[in-house]
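Every chain is named by a letter (A, B, C, D and E) in the order it is written, and numbering of its residues begins at 1.
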Amino acid sequence: MEKMTQDQVRTIANMLRKRSLWMIHYCTGCGAMELPPTMTSRYDMSRLGLAPFVTSRQADILLITGYLNVKTLRRVITVYEQMLDPKYVIGFGSCALNGGVYWDSYAVIKQLDRYIPADLYIAGCMPRPEAIITAFQDLMDLIDSGKADGYKRYKRDLAYYKENQRKVLG
Amino acid sequence: MMGIVDKIKEIDGTKVTVQRENRIFVDVEKERVIGTLYSMKLIGFSQLSVLSVIDRIADNQFEIFYVLYNRDEKVNATVRVWIDRDNPVIETAEKIYPSAHAWEREIAEMFGVKVEGNEEAGKPFILENWNDLPPMRKDFDSIKYSSEHFVFRHSEDKNE
Amino acid sequence: MVSTILIAICVPLLAFAIGLTFIMFKLKITARVQRRYGPPIIQPIYNLLKLLLKEDNISHGVIFSLGPIIALAGSILAVFFIPIPGLNLLTGSGDLIALLYIMAIGSLGMALGAGNTANPNASIGISRALTLMFGYDLPLVIIVISVILQYHTTNLADIVAAQANGHWTLWTLPLSAIVGFVVTYGALGEHPFDIITAPHEVATGPMVEYGGKHLGFLMINHMFHIYIEIALFVDLFLGGASNLFWFYIKMFGVFFIMMLCDEVFLRFKIDDAVRFFWKWPTVVALISLIIVLVK
Amino acid sequence: MSKSYELFIGPNHPGIPGNFSVKIELEGDTVVKAKGDPGYLHRAFEKAMEGRYYIQNLALIPRICVPEPDINEAAYAMAVEDLMGIEIPERAKYIRTIVLELARVANLTFWMGSFAATLGLYTLSQWSFGDRDYALDLFNEICGARVYHMFIWPGGVRRDLPPGWEDRVLDYVKYIKERLVDYDNIFFKNVMFKYRTKGMAVVTKEQAIEWGATGPILKAAGVAQDVRKDDPYAAYGYLDFEIPTLTDGDSWSRAMIRRMELDLSLDLIEQAVKKMPKKGPVCAKMPNPLKGIVPAGETYAKVESARGEHGFYMVSDNTGKPYRVAVRGASHTHMFTIAEKVLIGQRLADVSHTLVSLDICPPEFDR
Amino acid sequence: MNIKDYENGSFLKPLASVKYLFKKPHTLRYPKETKPVPDRYRGLHINDVDKCIGCGNCRDICPCAAITMADPSDIRPIEIDKKGANPVRPKIDYGRCSFCALCVEMCPTGSLKMSKDLIYTSPDADAFVWIPLEEQGREPGFTQSDEITPLMLEAEEMEELEPEVRLKSFEEIVHGFTEEQARKEAMRCLGCGICMQGCPAHMKIPEYIQAIFDGKHDESTKFMLEDNVLPGICGRICTHRCQDDCVYQYRGDPVHIMWLKRFATDQLETYKDVEIAKMPSSGKKVAIIGGGPSGLSAAYHLTTMGHSVTIFEQKQRAGGALATGIPMYRLPIYELDKEIGHIEDMGVEIKLNTQVGKDVQFEDLLRDYDAVYIGVGLSYGRSINLKGEEHPNVVQAIDFLREVKVEGRRDITKHVVVIGGGNVAMDVARTVARLQEIKYGSKDTTVQTASLEDWDIMPASQEEIDGALEEKVIFNPAWGPNQVIFNEDGSIKGLEVKKVKHVFDESGRFNPAFYEDQKKLLEGDYIIESVGQMYNFEFIPKEMLDKLEFTPRRKVMVDEYGETTLPGVFAGGDLVETSKGDAISAIANGHRAAIGIDRYLRDKK
């Protein structure tokens, strides 16, 4: 019985969470260039309950907009750890997946999910606003079904993530 | 334009090449570079557009170039100086061109060029916790470094 | 007794509901002026519930966590001092003066909590909030005095009653009303007075370290805040209302005009804002005061 | 308050244009020291370009400056053409001009939105980002991408214009002109705008010249220097225009210069569409990209970006890949030489809008 | 605009913007509303895998190393042994792709396109790599254009002698590239190596073309000699099957690989300076019967492998058909001397005028040498048992060509009929045309050919046919020879031919059928039969010949290393070659046999 209620609470919570996603206003890479159109009047992602927020404490989604430089990675990890559970990460474009056009660069990390868990990826370089909105909707579905559990994975596999982080950040 | 070429030629120790309309190359010796830049500024080259380095690894030299712009004559002149790659030391130009300060910080970091007189050159600028060769040098292998430090996805079916 | 408890529960709920609807309208109005559709109308409820359902909370000590609660408590207390048609609870002689003091608790509570973080943005935000309060308090006090002098009472309910039959303070003391509007506007922290939270300057200022439930409390506090400020203005200058409907309409009218201004103005700098408040509103308020005295 | 304290503006801060950080030291509310901390967007472009064929770099160069990618493509293409001694077809020149000016319009509307946002006017950012989007749609039509166009390439442009595109560009110009009336009303003629920016962050004429400023900073200080006029590239030599200047060198003047440049760009687009040859080749014959070598040499190609002089210094060693490419972004000097000096004495509230008013574009100096 | 209007701020003007409260927003309510995707949109890839040839140009141009070539068979089966194609297709990693569409621009077949679809999300990071197919149902967006392409579609023009000029002598027709032309042509090569499959010898074509482009002709020649001992000759007379496979054929002109080869070797007086790796002497001896291209090839490669080799050549000149059959205007004799000289320099002993079976016995060779290679080729003309062919003015093409080239024959009659439609027939016809021009000044002379095959299936290469047509050779395609018609005085009146119904039957076998009622007379007083050649194994003793097995098509049966059913006896060249029977095939299987002999010798130890 108690389990039931917990599940119901979780379902309701997820339903609410997906309707109010606040993204942190942090442009880590060039994919952030398609965010202003998405945020503003032409595509207006607030229709979906999304809003840009300023500080890591307030935000629910971290957008890794493209490539992650090692120097930025350090800040991104801090930001990610500052965010409150539940929190979600979307990797934008090619670079977050496998280094993208900067595959041979000494400064850019190649796989986002070795350092912080990503819940969703979007193809494209850079993804256009339609794709971003689709991604947000997909993320909502994932949240609804409880599959967006990156923050749980981060807690569970903390040693793995920390080891990888230490390897690049020194 | 030819007037300004003659003026540059009057500066001691310069070798002037005219590439095309509005583009001049001025080669100088390492000892004379600051003096030349100073004289160049006096004859109207008041803007420093770029200051950077070419790694001439085959000659074991660094070519440092200063792209200057003369607003009145609308001429770009590139002052080039070759320095020893094993002991890359150059005097700062920040007293003449304040914008050289940041460019010098960059070349100090990216090529390991020592800039005498620029206090901040050599301090971390763009890179953070860098402990390898200066990355823009030709003998620094970016792909090797990447594969050592990062993991490629699906690397098994790529020949990189 | 039962009715008193009922009222004690209902009044804050009512205030909260009114504040909530205003936030809802604000999002829509903003969106429309900005040529977009904006979020669903009940978005603020989602936001609020989501914040309250956040799984973990970061605290920087007890005071940090207490801050939002103090602020919220202060606001709820203030709600009781404002006469709502049919529901007068803590009204009595001198309640206007008490209200002015209690209204400061919200800001102070936030200051208390935010001051406990190491984040400089929060401290800057707090110092801005207090400075701004200093700024608008001067004209506010002057116009409140002029209203008190006008009606010879410090009881808000009496002031409302005195304005019955269309004898609104707005008509009798137009200058004070205008200043009152500006001050209320400033107290709401909308453009050009959104100095406290200015994202591009201090990254939401006092709220910078707050997240989850704390932020949720601050949001509720903000809804109460909107209610208190506008309700006070309506009671002081627009003659209150005989029933809830008209009360709401009047409040909404005030809020609507404020929102329109919000969309088209740039942000003041804090010293400019204070200078502004101490300049024209104060002068005008003083003139109004003199008029009252002379009358 | 005499004790000073440090504050990081950025990288995770809405007041910073992009992923970049400025460390400021405050005494009370006043900045006493500012230091830029770049490198958050460092991707090693110059290194990567050395390892790729000339044509492969097409994928890299637009990413150097994200809000206005076309200037990179143009400067890069001009550098390669200069080294190879190629003259591009007439029509290609005009197409380049239109594309570059359209990109400038997009960038300036984007800039307006950011600038208004730092001053607290979010309505204009909502409007102008939305209006910029129509320009991106136009780019989408000519080259199939909204942001990274990769349209201008060595030899000319990649495709001829699609049918009816010129008319749609003219429609867009007309639309923006109508919108500008609203922009003026809400922002440029707003009393608060004047109040916030007049006399702020002044760069005088002497300072601008001494510090090596280019672009709007220099024009706002009263020097009419513009690569489009001084060293005409693309079809600018065939067009008739004047470089706008103001004298005060403050934040207001810089904003107004950009506002005037927007008018100028719209005018240039109209002129170029009118004068453009209606038919003809748009790309010169180029060698096989996998084998084609560029003769050894050094060159400096520059274009006028919305921020100032944008240049590529290219060295070729007679192979298929560039030996060295050095990128000169206008923001480099504007940030590390000018902003660091200008910020001193500013109030905290003005830091953000000063940075945007100097139009700092971090990817340009991080590269 | 007037700056004065802006000098004074206004308080009320901003409020005008409130009007938008009552206007319709311009938001595009995606996904409820969409806007059209333009035709040139660069989205996810589409690849027509049937059209694609797996050349890998997309992989080479990709700035992001996003493309790998993968076997698509488990997703979508493709035709594995398609001619001029690799059985792999591009597989794209969208964790790399930058959507620059350079791969599309560089695709030589036009199979790769970008689609209008760029909306793809997945929580699985591994789900971003796939082989693009048309079946994935994406709408095409960015495609290549024929006007603007980074590919150099047009080949360099090769200068040739004008027909009027070239008929006057046996001077070489083609001049060869100039340095600049060769460089430009070499620049066109994309280095994909699809052509290597087409080449029977699998020459390292991309490498040697790159070396030509770099101006390193000796390096280029070194690459050629690794697989082909007669590059200069092949640079002139090769059937260049590599060019048929060149990926440029789909959108433009193939690279002139053959002429590039010729250019590179022409730059070298001798190959002495070319560095060739030679293994230490093994002490083994190999006898090679026949000094034709396959024998020379086997000899050369065996020498580099450290064996000592002796060639037994029946004629007074090594080179086989190259020396005797191919007319001077196509292959000057000095080129042959240069290349054979190089082979001799490498240490190959060539015994001329030594006929096996007469001067030396085959058994002795088997005894004295560790291995024997038979490369005697098809050195005898094949007769078609034409009625009246015993007449002295009916000759075999192979004899005619030898007489002209080696013995310097210059006499010819005024009207000549050539039977056959192959390259040899073209050689004959064009040689005849020259002889007639030299002797009669082309007045009242005719040379005509009669071939079973119609234009579309004529075995001769198109260049040869074109050349012959330019030289006023009259063709009678799809007319099969019936009989020779004689005048009363016993001289030849002409050749009677009949219309061909079909050459191959339904099952694709050679089985010509004729319309017996359609006949015509090709007037001529001299008939040259050029319908094929055959071998002669008289030198092999009967008991051994019985042991030698043949394929159903009467070729010597060999294993993959060229070894016949007789142990220690290898064969190559036209004896085993079932396809066109050109020089490059002979060279290729000579090389193959050399490898086989080397293995055989090492195993024998």
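Definition applied: a contact is a pair of C-beta atoms (placed from the backbone, for glycine too) under 8 Å apart; a residue touches a chain by one contact, two chains touch by 3 or more.
Since the model is a prediction, treat every value here as computed from it, not as a measurement.
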Q: Treat subunit A as missing and name each group of chains that still hangs together through touching.
A: one piece
**Q.** Chain whose Cα mean lies nearest the overall Cα mean
**A.** D
Q: Would you mind checking which chain's C-alpha centre is most distant from the centre of subunit A?
A: E
(Q) Can you tell me which chain lies farthest from subunit B, using the average of the Cα atoms as each chain's centre? (A) C
Q: Determine which of the two chain pairs, A-E or A-B, is joined by the larger number of C-beta pairs in contact.
A: A-E
Q. Just curious, how far off is subunit C from subunit A if you go by their C-alpha centres, in Å?
A. 36
Q. Taking each chain's centre as its mean C-alpha position, how far apart are subunit C and subunit D in Å?
A. 43
Q: Measure off the straight-line distance from the CA centroid of subunit D to the CA centroid of subunit E, and report it in whole Å.
A: 53
Q: Could you grab the centroid distance between subunit A and subunit D? Build each centroid from C-alpha atoms only and quote it in angstrom.
A: 29
**Q.** Sequence positions of subunit E contacting 2 or more other chains
**A.** 14, 17, 25-27, 29, 63-65, 93, 95, 98-99, 125
**Q.** Shared-contact residues (touching 2 or more other chains) in subunit D
**A.** 13-14, 39, 42, 44, 47-48, 51, 59-60, 123, 126-127, 130, 148, 186, 190, 192-193, 195
Q) By residue number and range, which residues of subunit C touch two or more other chains? A) 31, 33-37, 199, 203, 263-265
Q) What are all the touching pairs of chains? A) A-B, A-C, A-D, A-E, B-D, B-E, C-D, C-E, D-E
Q. Given the complex with subunit D, which residues does subunit A contribute to the contact?
A. 24-30, 32-34, 36-37, 39-43, 52, 54-56, 67, 69, 71-72, 75, 79, 101-102, 104-108, 125-126, 128
Q | Residue numbers on subunit D that touch subunit E, as the complex places them | A | 52-53, 55-60, 123, 130, 137, 140-145, 148, 150, 156, 158-160, 162, 182, 184-195, 246, 256, 259-260, 263, 281-283, 285-292
Q. Given the complex with subunit C, which residues does subunit E contribute to the contact?
A. 14-15, 17-18, 20-23, 25-27, 29
Q: Provide the residue numbers of subunit C that touch subunit D in the complex, in ascending order.
A: 33-36, 120-121, 124, 191-192, 194-195, 198-203, 263-272
(Q) Looking at the complex, which residues from subunit D come into contact with subunit B? (A) 38-39, 42, 44, 46-48, 50-51, 82, 209-212, 214, 223, 225, 230-231, 297-300, 302, 309, 311, 313, 315, 323-324, 326, 328, 332-333, 335-337, 365-366
